[in-house]
Amino acid sequence: MDDRRFVLSLGCRDRTGIVARISTFLFEAGGSITEAAYHADAGAGWFFTRQVVLASSITCSLAELRTRFATVAAEFGPEVDWRLSDSWEPKRVVLLVSKEAHCLHDLLGRITDGELAATVSAVIGNHPDLAPVAAAHGVDFAHIPFPPDPAERGPAFAQVQELVDSHDPHAIVLARFMQVLPPALCEHWAGRALNIHHSFLPSFVGARPYHQAFARGVKLIGATCHYVTAELDAGPIVEQDVIRVSHADDVADMVRKGRDIERLVLSRGVRWHLEDRVLVHGSKTVVFS
Amino acid sequence: MDDRRFVLSLGCRDRTGIVARISTFLFEAGGSITEAAYHADAGAGWFFTRQVVLASSITCSLAELRTRFATVAAEFGPEVDWRLSDSWEPKRVVLLVSKEAHCLHDLLGRITDGELAATVSAVIGNHPDLAPVAAAHGVDFAHIPFPPDPAERGPAFAQVQELVDSHDPHAIVLARFMQVLPPALCEHWAGRALNIHHSFLPSFVGARPYHQAFARGVKLIGATCHYVTAELDAGPIVEQDVIRVSHADDVADMVRKGRDIERLVLSRGVRWHLEDRVLVHGSKTVVFS
Amino acid sequence: MDDRRFVLSLGCRDRTGIVARISTFLFEAGGSITEAAYHADAGAGWFFTRQVVLASSITCSLAELRTRFATVAAEFGPEVDWRLSDSWEPKRVVLLVSKEAHCLHDLLGRITDGELAATVSAVIGNHPDLAPVAAAHGVDFAHIPFPPDPAERGPAFAQVQELVDSHDPHAIVLARFMQVLPPALCEHWAGRALNIHHSFLPSFVGARPYHQAFARGVKLIGATCHYVTAELDAGPIVEQDVIRVSHADDVADMVRKGRDIERLVLSRGVRWHLEDRVLVHGSKTVVFS
Amino acid sequence: MDDRRFVLSLGCRDRTGIVARISTFLFEAGGSITEAAYHADAGAGWFFTRQVVLASSITCSLAELRTRFATVAAEFGPEVDWRLSDSWEPKRVVLLVSKEAHCLHDLLGRITDGELAATVSAVIGNHPDLAPVAAAHGVDFAHIPFPPDPAERGPAFAQVQELVDSHDPHAIVLARFMQVLPPALCEHWAGRALNIHHSFLPSFVGARPYHQAFARGVKLIGATCHYVTAELDAGPIVEQDVIRVSHADDVADMVRKGRDIERLVLSRGVRWHLEDRVLVHGSKTVVFS
C-alpha cells in the first residue's frame, strides 16, 4: 500500500497569490495532492496551509524538495514558518507522568495498536508508581523525584530537561504530570510541550479543577489540551471537549467521567501535533484536523 | 386523555425516613405515581425530591392535599421548602428583551406550538425593535427606554418591576435583555428570574463573551441558563450546552452558532423551571430533567 | 463593510494539477482568496473544491469571470460540474409544509433575523394550518389540498410543481411536508429539494420514526437533512445530529426533543446548500462547512 | 471511608403503593438511602426501581435482609424480578476477544485503575494475538481456535461455554469478539452477555458496519452496547454514542474514530451492568445511570 506522504505546513503574512505559488510549485514537482487545507485569518493578516502529497509522485528526493521549497518560502517574507516532513519518519515522544495512570495507559495502548505513529523514547515520572505500566509496554521509565518544596525543584527540572533533550523529541507530553514547568523550560520547549488540563479552559485554572467545577455547580465538565507556556494554563489551545454531569455527580464521579474526556482530548491533540496539523500563531492555534 | 398531574417538589435537611414518609402519604391519598426522583447531597446534608401523581387518582382536592401535606412537611424541620402544583394551572411568564430576536422568536414559537405550557403575560423591551415579533404572536409589548448612563436607570428599572409584578409571574425570563438588574431586584425576584448568558460559565463573564472566546482561541463555545443573583453571571446554573468552533470561525460565526445553543439552553431552562424540575440550594441547583 | 464574495464550487474527475490551475487562474484575475477547501475522494477518483474570493479584488465582471473560467473548467473533462455565484445575489427558497410548525417558525425566524441569506418566494401547505405563521412574516402562503388516496394526488403535485417552478427557486425545502414526492418530481428538482427526516438515517426510514425509535429502545434519537431522490429517505445526506434520550422519555418526549434536532439540522443543511457548500457526487455529499 | 452499599434493583407489574411499601421496608431496616431511582413504563404497565442504602445503616445482615425482602417482593406478583447485592462483593467478568486490542486495553486499564469494580476471571480469544495484553495485566488468557467454517464451530463454542461457566461470571463481555454466538448460548447467558457493536444500531447490522457507513455517507458514526440475544444485533440496548465524521474521513478514519466511541460505550455499559443499574424488560432496558 502506497501510504507514504510528504506533509508541508506553512504560516506566513497573508497576501494574494500564495496558494497559486505553492500549488504550482508542488505541481511542477509532480506532486499528487491527497489533502489540502487553507486558512486566512483576516484579523491577524496571517495565512496558514497544510498540504499532503503522495511521496511516490514527487520526482525528486525529500531533501531536494526542501531545498527547492526554501526558495519559494523566502518569497513569503522573513516571518514565514514552514516544515516539510515525511509521514514515514518516526516521531519521538517523551511522556511526563505522576501517579494517575489513565492517560499513560491510553497513549501507550494507542501507540501499541498503531493508532498513533510515534515511538516513546522515555516515560519520566516524579513518582515511581507508573513504572510497571511503562514496563508492560516495553518502554523505559525514569523516576526523577521532586522535593515537596517548590523552591527546591530546580535540580529535578534540570534532570528532566537533560533526559528529555537527550532524545530530541518531536513532542513532550505532560500526561497528568501535575508539576508546573519553570518559565525557562516552557520557553525552551515552546511549540513542542503539550499539556492536558482537566477543565474546560479558561474555566478552573490551576489546582483541583473538578473540585472547583463541583463547587460552581456546572452542568458540563471538560478537558483542554494546550501548548505549555510560562503563564499557567494559558497556552494556545489545541483541543477541548466536554461531558455532561448533573447534581447526582459528586467530585469522584466528575473525576471518573473527566478521565474519559482527558484521554480523548489528549490523544487527539498529540496525534494532530505529530501529524503537523497544528499551526501556532500568537496565543492561538489553527488545527487542520 | 388523562394528562392532569399534581407535582410535589421538596427540599429539606436530610435524614432517614423521608422517602418512606412521603410515599406513604401519597399512597394513602390514592396517588398513582408517574414520575419520582430523589437526590441526597451528602456534602450539604440536604435532601431533594420531585414526585408526580395522576391528579385523577387523588381522592381529595388539591387544596385539601396541600393542607394535609403541610403537616407532613412540618416534620422535616423548619428549613423545608416545598410546592405542590397542578400541571393544568397556567404558568405566567414575562419576557425581558432588548434588540436580539432569536430567543424571543424561539420561546414564542414553542409556546404557540404548545411545547411550553405557559402564557406570556407581557414582553418588555428596553428598545422598541422587537414589538412586531410580540405582535405577530398576539402578545402585549411594552417599551421602557433605558438612559445611556447606568447611574440614571433606576426609574426605568422601577417601571419594569412594577409592570412585571402586576402580572405576578412564575418566571421572569431575561431573553438577551443585556441589562444588569440592580441587587434589590435580583433579591425581589430570587428564584424566579432566569437569564441566558452567552458563554459556558464561569468562562467569559460579563460583556461580549464571544469576543472573549475568539480572543482566547477556545475550541467550543457555550451558553448558560442561570438564576439571576446580585453577583453578575454567578447565579445557580440550571443548564449549559456547547457547540464546536474552529479557527475558521470568526466572531460573527461564533455569534451565529452560539444563538442555536442559547435558544436550546434557555428553552430547556424555562421548561424545567415551569415544571418545578429545578430546586435551588445555596449557589447550586438540582434539576430533575 | 466589504462583504461581497464570489464563490466558486467545482467537482471533476481527479488528476494532478487542478489546484494549481484554478489558483493560478484566480490569482491572475486579481482574486484575494478568503476561504478555500479541497477534497480528493481516492475511491471515487473525484476532486472537489470551493473557493471564495473578495468580489472587490476581481478585476473584471462576474459575467466575464464566468466566461473565462468556462475555458479552464473545460480542461477538466466533460463531467466537470461547477458554479460561480455572487454572495449578494438573493437566493430564492420555496418551503413545503404540512401541519407541524416548528421548522417553519425556525426558518422564517432565521431569515427575518438575517441569519440565512434567502428570500422566501412562497410557503405551500397541503393543509391551511400554517397560513398564519407565514402571514406573520409577510410571506405568501398557498394551500394546495391533497386527497387522502395517494393514487389521486397527481393533480395536487402538478399544482405544487407549477407554483414552485414559477419562482425558479435555488432551494425547495420540505420542512416536515409529510408527502412523498413522485419520482418524476424528485428527478425534476434533483439537487435542489432538501428534506428533513426525523430520524438518524438509515435507521427508521419511512413513517413514524419516533415510534420506531421508542419501540427499539435506542438511547439517542436524531434527524437527517438530505436531498430528495426517488428512493424514500435514501438521498445524499447533508447533515445529521442526535440528542440523548432515556427510558424515561416516551414518544411525546422524543417528538419534543427531536424537534430541536430537526430545527438545527434542517437550518444547517439549508444554509450550506444556499452558500454552495454542498457538492453532490453519486449518493454522497461533500460539505465544506 | 464508609463506602459499602447494599443495592436493591427490582422490576414488577406496576400498581399503586410499591414505592411506599419498599421505602417503608428499607426505613424499618434502618436503611439510610443514598441513591434512589424509579421508573413506571405506562405502556408496558411495568415498574422499575433501584435503591442504594448505606450498608452500615442496616440493622441486620445482608442475608437476613434478603430473606425479609423476599416476603415483600412476593406481594408484587409472580413476575417480580429483584436482586439485592453488596457493593463490596467482587464481580467476576470474563472477556471474549479476537484480534482487536483497543477494548481489551481499555477495560483492563480501567479495572487496574480501580475505575471498574470487577475482577477479570479470564480472557478468551479465538486468536492468540491478545495474550500479551492479558499477561501485562496479570490475567489468564485462553486461546480457543475457531475453524473457518461456521458449521464446524460447535465444539469451539462448547469449550468457550465450559470455560466461561467454570467462573460463574456476573458478566460475559464480548469485547470485539467477532463471532456470532449460537442461539442456545445466547439463551444460556441471557442478561449477562454484553456485546459492543460498532455502529449506531439499528443502522448497519452485521459485518463491516464502518464500510456500510462510509458507503451510505452518514455524517455521524456510532457504537452500541447491547445484551446478546439470538437475533443478531437486536438485543436490548444499554448504551449508544456517536462521533462526527465528514467526507474527509475514509473507512480507516472511521475505524479509528469509532474505536474511541466503542471504548466509551462498552465501558459505560459494563459499569452500569456490574452496578445493577440496568434492568431489562422485553426488548428494552431501563438504565439508572
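Think of it as A, B, C and D in the order they're written, each chain with its own count starting at 1.
The working rule: a residue touches a chain if its C-beta (ideal position, glycine included) is under 8 Å from a C-beta of that chain, and two chains touch if they have at least 3 such contacts.
This structure is a prediction, so every number in the text was calculated from the model and none was measured.
Touching chain A and chain D together: B, C. Chain centres here are means of the Cα atoms, and by that rule the chain farthest away from chain D is C. Looking at which of A-C and A-B shares more C-beta pairs in contact, the answer is the pair A-B. Our note on geometry: chain A versus chain B, Cα centroid distance of 41 Å, whole angstroms. Distance between chain centres (mean CA atoms), chain A to chain C: 37 Å.
Each of the following residues of chain A touches two or more other chains: 35, 42, 248.
By the touch criterion stated above, chain D contacts chain A in their complex at residues 35, 101-102, 105-106, 109-110, 112-113, 115, 136-137, 248, 256, 259-260, 264, 267.
Residues 16-17, 19-20, 23-24, 26-27, 30-38, 40, 42, 57 of chain B are the ones that touch chain D when the two sit in their complex. Considering their complex, residues 39, 41-43, 48, 200-204, 216-220, 222, 236-242, 246-248, 250, 283-287 of chain D touch chain C.
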